[in-house]
Amino acid sequence: MSVLLAREQALTLHELLAQANTAHLDYDIAAGSGVPDPLIRGIGSLAGAGASEISFLADARLAHQLENCAAAAIVMTAAARDSMRGRQPPYCVVLCSQPYLMYALLAQWFDRMRLKRIASGVHPTALVDDGALLEDDVGIGPYCVVETGARIGGGSRVGAGCTIGTGSVVGRQCLLYSHVTLYHNVRLGARVIVHSGAVLGADGFGFAPDPRSADAAWVKIGQLGGVTVGDDVEIGANTTIDRGAIDDTVIGDGVKLDNQIMIGHNVRVGEHSAMAACVGVAGSTTIGRRCTLGGAAMISGHLVIGDDVHVSGGTAITTNIDKPGRYTGVYPAAEHSQWQRNAAVASQLAQLRRRLRQLEKQGRTD
Amino acid sequence: MSVLLAREQALTLHELLAQANTAHLDYDIAAGSGVPDPLIRGIGSLAGAGASEISFLADARLAHQLENCAAAAIVMTAAARDSMRGRQPPYCVVLCSQPYLMYALLAQWFDRMRLKRIASGVHPTALVDDGALLEDDVGIGPYCVVETGARIGGGSRVGAGCTIGTGSVVGRQCLLYSHVTLYHNVRLGARVIVHSGAVLGADGFGFAPDPRSADAAWVKIGQLGGVTVGDDVEIGANTTIDRGAIDDTVIGDGVKLDNQIMIGHNVRVGEHSAMAACVGVAGSTTIGRRCTLGGAAMISGHLVIGDDVHVSGGTAITTNIDKPGRYTGVYPAAEHSQWQRNAAVASQLAQLRRRLRQLEKQGRTD
Amino acid sequence: MSVLLAREQALTLHELLAQANTAHLDYDIAAGSGVPDPLIRGIGSLAGAGASEISFLADARLAHQLENCAAAAIVMTAAARDSMRGRQPPYCVVLCSQPYLMYALLAQWFDRMRLKRIASGVHPTALVDDGALLEDDVGIGPYCVVETGARIGGGSRVGAGCTIGTGSVVGRQCLLYSHVTLYHNVRLGARVIVHSGAVLGADGFGFAPDPRSADAAWVKIGQLGGVTVGDDVEIGANTTIDRGAIDDTVIGDGVKLDNQIMIGHNVRVGEHSAMAACVGVAGSTTIGRRCTLGGAAMISGHLVIGDDVHVSGGTAITTNIDKPGRYTGVYPAAEHSQWQRNAAVASQLAQLRRRLRQLEKQGRTD
């Protein structure tokens, strides 16, 4: 990729690792035949990295790319280094038992360095109600609206044009990108990231049929609960999390939600579960801990999904799942004409089974 | 749940029902062994309600929770009360033949009470074009933009950062939450609620292939129609309703749309139909009256779906439906290894049927 | 439809075609028995057009509507005109070998005429950083925020409340409707249209599992790439395109994306491909040129889809496709009770095949 930092911003390899390794991973640097402590200005893939970039080998299937990699340094495991059979490469080797995790930390460091953070302080165009509380070192961007009773935790940043409703709480060290909407009584924990266009706390979809109405009109059920989001949660762009009907909708600590996800009212998502984009979880369903839901998975309402359940992309879950494991339910795609022939039979499966049973019976009586 | 209202805001049970029962349901209050007309500060579920809350029994399967419920009052049917066999409970009993509907009305009342309504008047930062018309008692929030020819009906409230395009109409007593976008020539009826991030009137997806182009370029078809939304419609967060190509896209009276729904251009949705989240209705399809579409249902374009059709969640509808009833089309999810075995056969169903026919033929000729 | 333009804005048929035909299509006007060069104030369908409107016949199955059409003029092919067998209609006939394309151009003309364009110049409430560059004839709407290093190309219009992040580029002659969010380092080509609520450049969904964490915590991977969008692209309302992890996410020239589409990080979409609403393309997948994806199609991550592949609506693609053609994978919907019977068998397909094999074996040994 293009180099990220100007030379004057960049660090040497040793300095960079010392700063970026906030998780205190063990690592060891072995110089190559080139510069022993090169200046690192960016991160690149093994195939794309240039002479002032660091790369990483996290997938053993890419080990053949080590040979021609032009990076200044590569993070890899001891096993990968050993596969090079003693040849000294031109790049520095950063030995680390968790190269993918080290890459994550390096990428975080570069992301922090190049981003002009939202400044501390309240932009003159932001409208912060006198009844709202801003803790220390808070940054509120232009055209934000913060209503009465809201609280913004220390070190948090709120991007342009966000609205924070009455009584809502943003925890410490949070980052809300521009155009985030928190309705009233939405509570975020610490270090929560919310991307643009996300809407938290809109009314759940609750209507009572009016049995006195000839034309089946719906009567709105006021949605009185709130939304509670734990610590270290990330919420993607244009994702929506509805407020609870009576109690809160709850997102556990460490949950990661991609873009355009819909979480219905009263849903509870367990700690460290992750959902890829376009997932829908219907109302009053409970998702366990450490679950993963693939893109566009759809979970029906009023279900209980246990811990460590992994749902494949595009799969509709319509019953409870209490056993950990991977679940899938996608009808296989095929060339259209072949699909037509198969789908016609799929509409007659019960009949097909009857005919099979009939034959089996005949077989037994022959 | 946590009690909603401060003591000084709360009403006694008799006062509360008198105010909340805007639908004039018949009801009767029977005191229990406790306070005869208790102060009610919130609504709780049977399992969660506390001593200053009202609860309700709408689902007979929860009747066993009546015994230990700590609520100050419970709404229930006469049948439910009779099942208590004469024991006088500690709570007041509100007899009502429609407890779920009464709950809906009570929840509406609490929602109105605790919400700081958007104030009447135009916020000084709102930009309202001189050619726009605001009727009586309109509230326009900060950073709104209302363009020329727009009209906002009496009693309506428009949240922060909404944009109302040229010639668009918001009817009487509407509520638009913050960050709603109405393009030009979008017309809302009375008492419409639109949640944050909804976009009404963006261009329909219309392109003509350019047959003169070697690389199959698309030529945009200007989208000249508008959007017409009836009375008493609710539109969820981040839902999009595209403008018509020539005539309007039309949403009938009383329609309820959840979050992240996509309504394509020229679609017509009949009165009192309801769609759960993530539904997509492709262009030029007509949906009848009193239909319900489950979450993530997908309706193809240019179809006609009749009245009283109920589509299950996750179901793709690709042909017209003229018969009322429930329709489903979800491939059953299973443990991944089992799914793999079944899906492999699903790709060969036509062949399977051929083999079955062959056996049947042999059977007949044996 | 309702007439679009006031009389004083409208043109005569000859003038209109001369102005609207920006693609220089060949056409020929034959007067009917009515006004030879009528004033045209709008476009209508064959069934709906009135006496001051132009219509078109693009679908031969609608030819029977020619007889009673009340339009002032109709665009049609010579073949359609010939089917009228010499009878002189009351309307003018515009002969054109591409009536649908001519309609597209006429609709564009009317759309341009009636829309109050965002004015040139920077609205006084827009916040444009001193380090941003605005080329000639740029219009920036109210409450926009344009950050340092951003560039807005000549002739472009940016609607109310958009945010353009650090270093992002809007090409020449672009149109961004209100509430569009471009994060940092998002680059749009020329003549790109972006609808309201779209978010370009939010972080891709990248997390490394932390193997040292007992509770399976996720560590965020900084997303360092950007988004590159080609020329003549249209992006629908509330669509999201994530920034790349290391390199850019790339949308090719002429691509058309409908509403509520999700494009994951590192995805590459080839020139002139088109996607209907609610499609999801997971991370690192490559889509070829001239592909079309039907509504709610879901493409898994890390796939390669070749050129000229057409995926039906609602279809999940989970494997590479290198052969052009149409692909479908939707389980057929049916009345619920019938679906139940078939779905039960669908969960036992492997077993069904085993039983069939058993019978075949018996048949051979009989």
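Note that the chains take the letters A, B and C in the order they are written out, and that residue 1 is the start of every chain.
Rule of thumb we're sticking to: a residue touches a chain if its C-beta (ideal position, glycine included) is under 8 Å from a C-beta of that chain, and two chains touch if they have at least 3 such contacts.
The structure presented is a predicted model; accordingly, all values stated were derived computationally and were not measured.
Q: Where the contacts of chain B and chain C overlap, which chains show up?
A: For chain B paired with chain C, the chains in contact with each are A, in label order.
Q: Mind checking the rotation angle between the two copies, chain A and chain C? C-alpha superposition, nearest 5 degrees is fine.
A: 120
Q: Could you please state the distance in Å, as a whole number, between where the Cα atoms of chain A are centred and where those of chain B are centred?
A: Going by mean C-alpha positions, chain A sits 26 Å from chain B.
Q: What positions in chain B touch 2 or more of the other chains?
A: If we look for residues of chain B contacting two or more partner chains, we find 143, 161, 179, 197, 238, 260, 278, 296, 330-332, 334, 343, 346, 348-349, 352, 356, 359, 366.
Q: Residue numbers of chain B touching chain A in their complex, please.
A: 1, 4, 23, 42-45, 48, 98, 100-101, 103-112, 114-116, 125, 141-143, 159-161, 177-179, 193, 195-197, 232, 234, 236-238, 254, 256, 258-260, 271-272, 274, 276-278, 289-290, 295-296, 313-314, 330-336, 339-340, 343, 346-350, 352-353, 356, 359-360, 363, 366
Q: In the complex, go through chain B and note every residue touching chain C.
A: 127, 143, 145, 147-148, 161, 163, 166, 179, 181, 183-184, 197, 199, 202-203, 205-208, 210-212, 215-225, 238, 240, 242, 245-248, 260, 262, 264, 278, 280, 282, 296, 298, 300-301, 311-312, 315-318, 323, 325-332, 334, 338, 341-346, 348-349, 352, 355-356, 359, 362, 366
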